[in-house]
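Before anything else, here is the set of structures, which you'll find just below.
In the two complexes below, chain A is the common chain; its partner is chain B in one and chain C in the other.
Right, the complex of A and B next:
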């Protein structure tokens, strides 16, 4: 068998021949895009909520310039989540005990304390690949594939984006679509919506043979589908301004419940009430099996000398009744040639979902179609204050550190009787620190 | 002899313009002083015309004429010509014989004027015997070219002139320069505003129109390095409905099939960029694959 040898790159040999021709000048200039086809972005993010979850997230993003305006991008993310997260139940003036998601471990909660599920730890691995290429005269296209996996959740997605340039490239129209199919395998089985959470004896594994709990169905696979459509316009306004408008429509369908979130059932004094003696006063949540989202996003970028201001506003509305407004501001302040500071301010405000209930009256349980006590669906404001310091280390590398504090304040939908003695939804303070290093290679 | 050129201020840079090698040429100087810009343009114009006079095949008073009319007798060549011959020999080897400065003779039968003047197989076959770098004897400084064969430096002359001009001008100024000879261009470094020169790529006749029309399909900020383009969308032959490009394969005498209309390559020198662009054209359908292997930035127009 004859082996055909692959043609070898001739660029180096050619450069040597040229150097001889031009009198031993190796190059008159080093082309800026020539020798560094890879752009590597690495970052580590640490997010810590006071007394609650913490996340450690390393990210690596590699982008290769394949020439001819074609680019390949690969992004790998690992999320390590640990700590405690609210299980949806309200704090009360007496201690409470909850069974863990698998029914095998239970955890006690002290009186007057927000119930946090301490078994919150998971590692998520995500990979995302993108291919970008010109398509015709005045447009280019980007195709993406993504996959992520964690203990109880897998997601597989695909996306396509087209950009059309008009008007001497001063106007860009963007259209995009993405789809993802997710598979959820709740630990301990899929809970039956509104079913009573099995009582915990507090002994840890008391109901051992009843693995999965009374509320668990045998189905271990539930699915979720997400479709997103994007239409956007970017317009260059003179030499210093750029305006961007995006419209996004999304539809989620399938299993949209959080299988680990509970609702507290109370009587009209606000105290927990148990329907039948051995049962617990907690039930599983139930959300609609579809959600339509629309969002309008606008951004203005303006150059002040060498500094850049980016101001954005986003309006969001969905079929669950959530409306939100986000204002975001970044200002990049150049400090000489090699350093910059970037303050960041963000303000977010949302209205509660129609079916958000901090707790449920026992008389309501039979009458409601949907209910959830997930505080992320409550009336809420979030304020973010951050600062990034960036350093251009060398000609082809940049390092940065970003520190942000996030304050989240949610409002209960209703305070019944003795619940007024409790801080039902305490303010959550979180700190985010991100280190990043970017280089060409 | 003072060459004819024009000088024009564009606010934060000067543009000197002249014609050489049958192409519009320009030198953009990132400086405020008119006298310096004038001196640099004069130097560029002189160097471009020197190279044109020395290596043009339309003159009868230069070294190329002596070589092409040596009737098989050895000719002693100067150092610069010798260096170009060494370089041509390297390119012949690197390209597996696809880049051959003896192949210009094919132009006798192929006329790329957009008309249907198509040669016969016999006409082409007759010329193939007069093509092939290995047929000549090159022992520095002696070159022996068999009778009726011809050399042509057209494939590297303009890019070589850009590089030589840049080297000369850099001895006279530290300012950032953009040298553009008919679309083959080179930038010497970042401008005072920290940016590169904005150049249009794709339509070879519109390259380097800084501050002028910018309706080219691609724009590229060139800080330091060179871009050369091979191909010309106007030069082709239509024959039985098939469009034949003007890039000829010296091994069979026929136009390369499946080649892009034009290829632009970014490299450290204009000569490198030009050779890579030409070799890519010679790869035909595989032009993009070839360039991707070289790890250079490039654009192919098909």
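Right, the complex of A and C next:
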């Protein structure tokens, strides 16, 4: 009788007891309201590209078990970026000079070298808070707030996710929505799309700190809105298998340009040519002011003996003409009860945006609606190879170190005349090292 | 494009729902393996968040795994 009228507490107790028991054998488990309500997860990531950007990113995530299946999570991130970033212009067989984003500083680029803007230094601070609670017998909801700020960009966002369990908790339906309102303040003012980039003065006069020169508008504040909707199902396929399938629709609108990216204007021999004004062969980029994107995402966790394989696949497409396929694999190899090794492989391939142009012919400038030479919008592949080593330091703490190499290769949309002498889009190689430490108290 | 994606998703979800029927449901006391942290779909959320941030900055695609998280200039 008792089982029929009140089955849940017994099931719950059994499930919790099993989980707790296992927690002490193979991993440190999760926070528990009575004994160790706080789970503290920390990481420091160092990311270094060859001769380009470097990033140092410490993160802390604190999750408190408030009891009754309620959880509070707070995450803080500091993201320090420095180094050089491609400005979109092509390398040429003679030296080039560019004015910096503020119009007051200029930088020379040697012949046969990809133009990199060396002025990228920024620190981003981000905070995320989440509240998770049951919403009835077989439902629970998660509400999130996020805020981030950096020199020229602020973002404020909110999200809500509802999970509905059925089929004896073997199936979970997930619905989610998020919104973020972002504010962009390009250094030197918002460049006018397709305007000629002011000629570099070599520091000998010209614009002040807040002056964008001939191509800049005096508007220093532009907005961007991002909405995402998610529908997903998670299915227990057996004692050792869990799969998930998500559909994600997103819409971005507002200012979607990268204010610091340029395009080189060339003649039909591939040589730089002054497009409109006589003093500069570079123009600012222009992207559409809206973007609709869809992603179909699936992942699978399977246990082999005590090892775990995690696979995921994503198909992505958007209204800019980008299609991509991402395959990701982690294999956790247990080395006794205290250590594990986890190789990671990721393969990514995207098609170019409809308006991606490595360079523009001067005859095209007046005819195109949109154009960008940002290599991240080109035909591109990314390959990642990584290895993580983890160990249980104590009963309630776990540490890890992860090293990965990331290789990106983009393809030019077109090679015109003498451009064939140049490596227009050289391979980008990056190394990532991350340290983790997680503990309960 | 959107309609085609919704259609594809619906077909996959329907197949998934049908296939789920053919599997023996796992009872709460049989969840010893599934309850392990390493069997979660995202056992290390910080690793996942850092990866997502890196690839969001270096590639043109985003989304799929969940909603929320915050924005970034990422130039």
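Following the convention adopted for this analysis, the second predicted complex is superposed on the first by the 396 of 441 C-alpha atoms of A that agree within 3 Å, B and C clash if a C-alpha of one lies under 4 Å from a C-alpha of the other, contacts with A are read in each partner's own complex, and residues count from 1 in each chain.
The working rule: contacts are C-beta pairs under 8 Å (C-beta built on N, C-alpha and C of every residue); 3 or more make two chains touch, one makes a residue touch a chain.
On a predicted model such as this, the values are computed, not experimentally measured, just so you know.
**Student:** Contact-wise, after the overlay, does A:366 reach chain B, chain C, both or neither (first, second, both, neither)?
**Tutor:** In the superposition, A:366 contacts neither chain B nor chain C.
**Student:** Quick check on the superposed pair: does A:377 touch chain B, chain C, both, or neither? Answer first, second, both or neither.
**Tutor:** A:377 contacts chain C only, not chain B.
**Student:** Is chain A touched at more residues by chain B or by chain C?
**Tutor:** C
**Student:** Is A:69 touching anything from chain B or chain C once the two structures are fitted on A? First, second, both or neither.
**Tutor:** first
**Student:** One more residue to check, A:237. First (chain B), second (chain C), both or neither?
**Tutor:** In the superposition, A:237 contacts chain C only.
**Student:** With the two structures laid over each other on chain A, which partner does A:177 touch: chain B (first), chain C (second), both, or neither?
**Tutor:** second
**Student:** Quick check for you: in the superposed arrangement, does A:155 touch first (chain B), second (chain C), both or neither?
**Tutor:** Touch partner of A:155: chain C, not chain B.
**Student:** Kindly classify A:43 by the partners it touches after superposition: chain B alone (first), chain C alone (second), both, or neither?
**Tutor:** Only chain C is touched by A:43; chain B is not.
**Student:** Hey, what residues of chain A end up touching chain B and chain C alike?
**Tutor:** The answer is residues 11, 14-15, 18, 22-23, 26-30, 168-169 of chain A.
**Student:** Which bits of chain C are touching chain A when the two form their complex?
**Tutor:** For this pair, the touching residues of chain C are 1-2, 5-6, 8-9, 12-13, 16-17, 19-20, 23-41, 43-47, 49-50, 53-55, 58-73, 75.
**Student:** Mind pulling up the chain A residues that touch chain C in the complex?
**Tutor:** Against chain C, the touching part of chain A is residues 11-12, 14-15, 18-19, 22-23, 26-30, 41-43, 45, 47, 57, 59, 61, 75, 79, 85, 120, 122, 124, 126, 128, 130, 144, 146-148, 150, 152-153, 155, 157-159, 161, 167-171, 176-178, 180, 182, 184, 224, 226, 228-231, 233-240, 242-250, 258, 260, 292-299, 301, 303, 308, 310, 312, 314, 316-320, 322, 324, 326, 332, 348, 350, 353, 376-377, 380, 382, 388, 400, 402, 406, 408, 432, 434, 436.
**Student:** Per the contact definition, I'd like the list of chain A residues that touch chain B in the complex.
**Tutor:** Residues 7, 9-11, 13-15, 17-18, 20-23, 25-35, 37, 65-69, 137-138, 168-169 of chain A touch chain B in their complex.
**Student:** Taking the complex as given, what residues does chain B use to touch chain A?
**Tutor:** Those in contact with chain A are residues 83-84, 86-87, 90-91, 94-95, 160, 163-164, 166-167, 170, 186-189, 196, 214-215, 217-219, 221-226, 266-272, 275-276, 279, 288, 290-300.
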